[in-house]
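Input: structures, listed below.
What follows is a pair of complexes built around subunit A, which joins subunit B in one and subunit C in the other.
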Partner chain A sequence: MEMVQIAGIGLLAAILVLVLKEQKPIFAFLLAMFAGIFIFLMMIGRIEAVIGTMQGLAERSGIPSVYLKTILKMIGIAYIAEFAAQIIRDAGAEGVAAKVEFAGKVLILVLAVPIINVIVETVVGLLPAGG
Partner chain B sequence: MTMDISAIFQIAGIGIIVAMIHTVLKQMGKEDMAHWVTLIGFVVVLFMVVRMLNDLFQEIKTIFLFQ
Partner chain C sequence: MLDWLSSWLRDVVAVVLLAAVVDLLLPNERMQRYARLITGLIVLLVILTPLLRLVQGDFQMKLETGYQEWNRELENSQVKMPSLDEIMRRAEIAAGSSQEQVVSLARTQLEAGIETAIEQETGAGVSAVDAAVKWDGQGSGTISSVVVTLALDSNGAPAGAEEGTGTPETVKESAIQPVQAVEIEVSPNDGGGQGQTGLDEGAKGGEDSVPVMGGSIEPADEGASVPPELERRIRALVSNGWQIGNGSIRVELEPSRSG
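This part shows the complex of A and B:
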């Protein structure tokens, strides 16, 4: 049961954070960050398996691999931005966290630009000439 | 995985011990020494956390096809 392990780690980290916060808040913050990284590292193997399946499906259905790559990159950016923003929010810097999230959104939008281009070109190609 | 669950206990332990040493040194009237101890403990823990953060970001980069 991996879920029980993760719940245990989370509860344990929360208790230790409560103990440390009284004495040294900076260590409490580092501990919370460490617990977050730890849980993320435990989960990333599973994510890898899911992505492998998705890649297999995309190859079999003949979707150009550049699309899947773009989507995976977006998911990666979203994960990193969310992770960093939550840790920063834990540290109490709400404004900085909002900026990190904003940067993540902009970078995802930039990645989407080539795909939007392709869609627009397809639609323009479908339109009758001179209509 | 390079580190296991004991690392969480390590960090908490370092934090508590540093807090104790800080209090003792403060009682002895060595304020500056107390601050140095806190700083060194912080750097040690920060080193652990940053190394693990690097691992995490490398994994994300490989899995989500950034290379």
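This part shows the complex of A and C:
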């Protein structure tokens, strides 16, 4: 049922945007943005359920919490960056949207640094033992 | 051995599952490539866990500390907005200092007012007025004590007559009268208890103030004490003008340092 609601909101917003675009482009943009935010907020609750499942899985299998934290952070960064970039793209600023995405990618990569550190250290530690 | 193997396998399976879910969760392909790197690294780490344990002991700790250090570095490099608490704390400090300034300003003005009033009304020279004000922190205060130092010379009359005998404190001014100063002290009115009432108690008797000044109030005994007439006038003036309890006003002769 929820899907029907969301589809309806999306369609409605699209039609209104079409109407408004001729008269007031700025309001068309605002409408699109709010529709997007609304749908996003509606779905956040559902995402929460998925994340809860992931957490349960991680706890039961005994994976260190650091991994889960990293993964959740990564998902959050990806979603926020993507969402902002799409809104900005709606406004027509493709360049800015690309920058936002770029920032998201960099931040995700930053998350990988400690893991890479550990792996590299391990490999370096292995070498003398092997040699 | 089998237990260890099964637990390791369970870890690996869980992490791979997790990675699959994350892959699905991610918004679009552009981000997915980067996310896959992370998930791949984590899967790698879990698979390598036995090896890592073998090679470098507690690598989990290392990972944790690595993350913490990383986060701290990030925080340090960011421009920090002060938190609301911090702002409130600073505001409190600033308010406290301004409160102090207000208190000292009020005290100074009170002293100056008393001084000019006494000089105008009685003609006696006032060398200093020292008022002690108790503040309750809410902006209202009590005048707990006022010390007025009078220079006797201008009024003339009191100084010459009473100086002769002199208590130890009061100076025997044999030679130089004009230098001598009169000190009026206002003893604390009441306990700080009543904030504004201290100002209202004008009617209180004056006798309690006496002891502090070595009997300066009784002119008969001590030569250098304030003449009763002048003392009365000053008392009336101060107590009426500032609603200070008469009992808290002390008129005294300051021991003059006569050469």
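Odds and ends about this structure:
Criterion: the second predicted complex is superposed on the first by the 123 of 131 C-alpha atoms of A that agree within 3 Å, B and C clash if a C-alpha of one lies under 4 Å from a C-alpha of the other, contacts with A are read in each partner's own complex, and residues count from 1 in each chain.
Criterion: contacts are C-beta pairs under 8 Å (C-beta built on N, C-alpha and C of every residue); 3 or more make two chains touch, one makes a residue touch a chain.
What you see is a predicted model; the values in this text were computed from it and never measured.
Applying the stated contact rule after C-alpha superposition, one finds that A:Ile75 touches each of subunit B and subunit C.
Residue contacts after overlaying the shared chain place A:Pro64 against subunit C, while subunit B stays out of touching range.
Using the contact criterion defined above for the overlaid structures, shared-chain residue A:Pro114 touches subunit C, although it does not reach subunit B. By the touch criterion defined above, A:Thr122 lies against subunit C but remains apart from subunit B after alignment on the C-alpha atoms of chain A. Within the superposed three-chain model, A:Glu101 lies in touch with subunit C and out of touch with subunit B [touch as defined at top]. Ranking subunit B and subunit C by residues of subunit A touched puts C first.
Touched by subunit B in one complex and by subunit C in the other are residues 47, 69, 75, 79 of subunit A. Chain contact summary for the complex, subunit A toward subunit C: residues 47, 50, 53-54, 57-58, 60-64, 66-71, 74-75, 78-79, 81-83, 101, 104-105, 108-119, 121-122, 125-126, 129. For subunit C in complex with subunit A, the touching residues are 7, 10-11, 13-15, 17-18, 21-22, 25-28, 30-31, 34-35, 37-39, 41-42, 44-46, 48, 51-52, 55-56, 59-60, 62-64, 66-67, 70, 74.
Per the touch definition, subunit A reaches subunit B in the complex via residues 9, 12-13, 16, 19-20, 23-24, 26-28, 30-31, 33-35, 37-38, 40-42, 44, 47-48, 51, 69, 72-73, 75-76, 79-80.
Note for the complex: subunit B touches subunit A at residues 1, 3, 5, 7-9, 11-12, 14-16, 18-19, 22, 38, 41-42, 45-46, 48-49, 52-53, 55-57, 59-61, 63-66.
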